[in-house]
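Pasting a structure here, questions to come.
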Amino acid sequence: MPSAPPEYASLNDIPGARELVGYRINAGAPEEPVRVTLDVDPKHANRVGMLHGGIIAMMLDAACGFAASKHFGKGEALTPLVTLTLTTSFVAGAKIGSRVTAVGTVTGGGRKIAYASGELRDDAGQILATAQGSFRAIKYEVEI
Amino acid sequence: MPSAPPEYASLNDIPGARELVGYRINAGAPEEPVRVTLDVDPKHANRVGMLHGGIIAMMLDAACGFAASKHFGKGEALTPLVTLTLTTSFVAGAKIGSRVTAVGTVTGGGRKIAYASGELRDDAGQILATAQGSFRAIKYEVEI
Amino acid sequence: MPSAPPEYASLNDIPGARELVGYRINAGAPEEPVRVTLDVDPKHANRVGMLHGGIIAMMLDAACGFAASKHFGKGEALTPLVTLTLTTSFVAGAKIGSRVTAVGTVTGGGRKIAYASGELRDDAGQILATAQGSFRAIKYEVEI
Amino acid sequence: MPSAPPEYASLNDIPGARELVGYRINAGAPEEPVRVTLDVDPKHANRVGMLHGGIIAMMLDAACGFAASKHFGKGEALTPLVTLTLTTSFVAGAKIGSRVTAVGTVTGGGRKIAYASGELRDDAGQILATAQGSFRAIKYEVEI
């Protein structure tokens, strides 16, 4: 973790849920928002044939959480954290075949607790969902 | 949809995100809560090696959403719906290798809007997460 | 209600909780955000001597709710509504003696359901709280 | 604060927002839930003539927050805290002239962060609102 470069180049090598779902994380430069992108496939559908709300929550958790990680790490590292709470508003449905992007930015907080807000938009820029979360830095250092 | 039996026997045949993640839905009898179960695998991990919060939100969305579907369908059908909002509190981490179960129950609402609350627990009964969501019945009928 | 002018001039004549707490509502022109302002007084304090979180939630509910009313009324009326859900993140404390302003804007929705997000800031522009809410238009017309 | 008895007898002497709105807090015995009661008066109304959602959020914040204070204080004191996040679902309206009670219980957490859930009910026991919040203990000791 201490060796994570400002470009956070290895983020998409993290195994687990990110790989299972297939979204891509672009942590951006220190002062930029985090972007999480997904090409919506039938495997991401809910029972009414749209992108599953749980996956939308997942992308917004990732975008807001990585923004909080950058905040805690002061642009020099991605501090490990846990999500305390996450609220998602499902403003409009996302279609199979579309590309959607979640953007997360920190709204405030300190060394241990941070708050972030996020938006999920389609390629035309329409808001599909909004979220806000709270996050807590943890000491447990992990390889990323 | 109108032909869905009270046992909702075919729920786990729904393709898409449920199959991708691998949780199982037990809608229960009309008066029972909905139960959503997952055997937590490394493919469900976040970057600190625990069950990803997005998957927790997904399971609680499913448990609360199916409870709302039963409420709208008055125990005779699973009315299609959309999630309006979902809030999740991540109370404790869920370990890889454990089995976790989300239980959802309706707290109120009418013919078009319903509210549901849910809890995710491990096999020892400890609360790992709580959620509350709001849901809207939609007319669009789908095969389940 | 149908006669409410675009300027919504009479908003601050509404009795009840708004008068009890003493915040002022500026619904703004149809395309502008709604602003809700409070001069924080000892009577608004919580037990640690800061602005009570419940009053912060109240102001953000008002700012987001009036934004949704304008959305439903298409800038020509303030459609009555109910709040379905409201989430508030308390980013920083607000001091007694300060002036705080909540700004609410609609993020999406249709004729019956609308979503809005809000921010509470102090006079220096620092974010003190963020919120997002969902709202439902109701047919019951009231005098405002 | 260190001298606060387990009965928390002086809670309703706290000035500020509690007195302004007029709700009463019964922190109960250490193992009991916290109860917050209000006799709904016209001064508590919103613009459609029901109990204002902001006051509902306030009562649930108080019920959940005092439950968290008891949790942090291990039943021997009311530890000062701040609310991090609060989500409220407005399940049904509360009428002027009714008595409503919010009950708050802790769902989990540790020494610094606690989670609590609450319900607001009328005298007939019907759920009017549900809430869940996250809270952080602070070191700043106050007189209560």
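Per-chain residue numbering starts at 1, and chain names A, B, C and D are given in the order in which the chains are listed.
Here is the rule we go by: a residue touches a chain if its C-beta (ideal position, glycine included) is under 8 Å from a C-beta of that chain, and two chains touch if they have at least 3 such contacts.
Predicted model only: the values in this text are computed from it and were never measured.
Q: When the contacting C-beta pairs are counted for C-D and for B-C, which pair yields the higher total?
A: When the contacts at C-D and B-C are counted, C-D has more.
Q: I'd like the angle of the rotation relating chain A and chain B after CA superposition, in degrees, nearest 5.
A: The best-fit rotation has an angle of 180 degrees.
Q: What's the chain with its C-alpha centre farthest out from chain A?
A: D
Q: From the C-alpha centre of chain C to that of chain D, how far is it in Å?
A: 22
Q: If you average the Cα atoms of chain B and of chain C to get two centres, how far apart are those centres in Å?
A: About 32 Å separates the centre of chain B from that of chain C.
Q: Considering chain C alone, which of its residues make contact with at least two other chains?
A: If we look for residues of chain C contacting two or more partner chains, we find 84-85, 87, 89, 132, 134.
Q: Inside the complex, what are the residues of chain D that reach chain C?
A: Per the stated touch rule, the residues are 14-21, 42-49, 52-55, 57-59, 61-62, 65, 80, 82-90, 93, 138, 140, 142, 144.
Q: Using the touch definition from the top, list the residues of chain D that touch chain B in their complex.
A: Against chain B, the touching part of chain D is residues 87, 89, 91-92, 107-109, 115, 117, 119, 126-127, 130-132, 134.
Q: Touching residues of chain A toward chain D in the complex: what are they?
A: Chain A reaches chain D through residues 84-85, 87, 113, 132, 134, 136.
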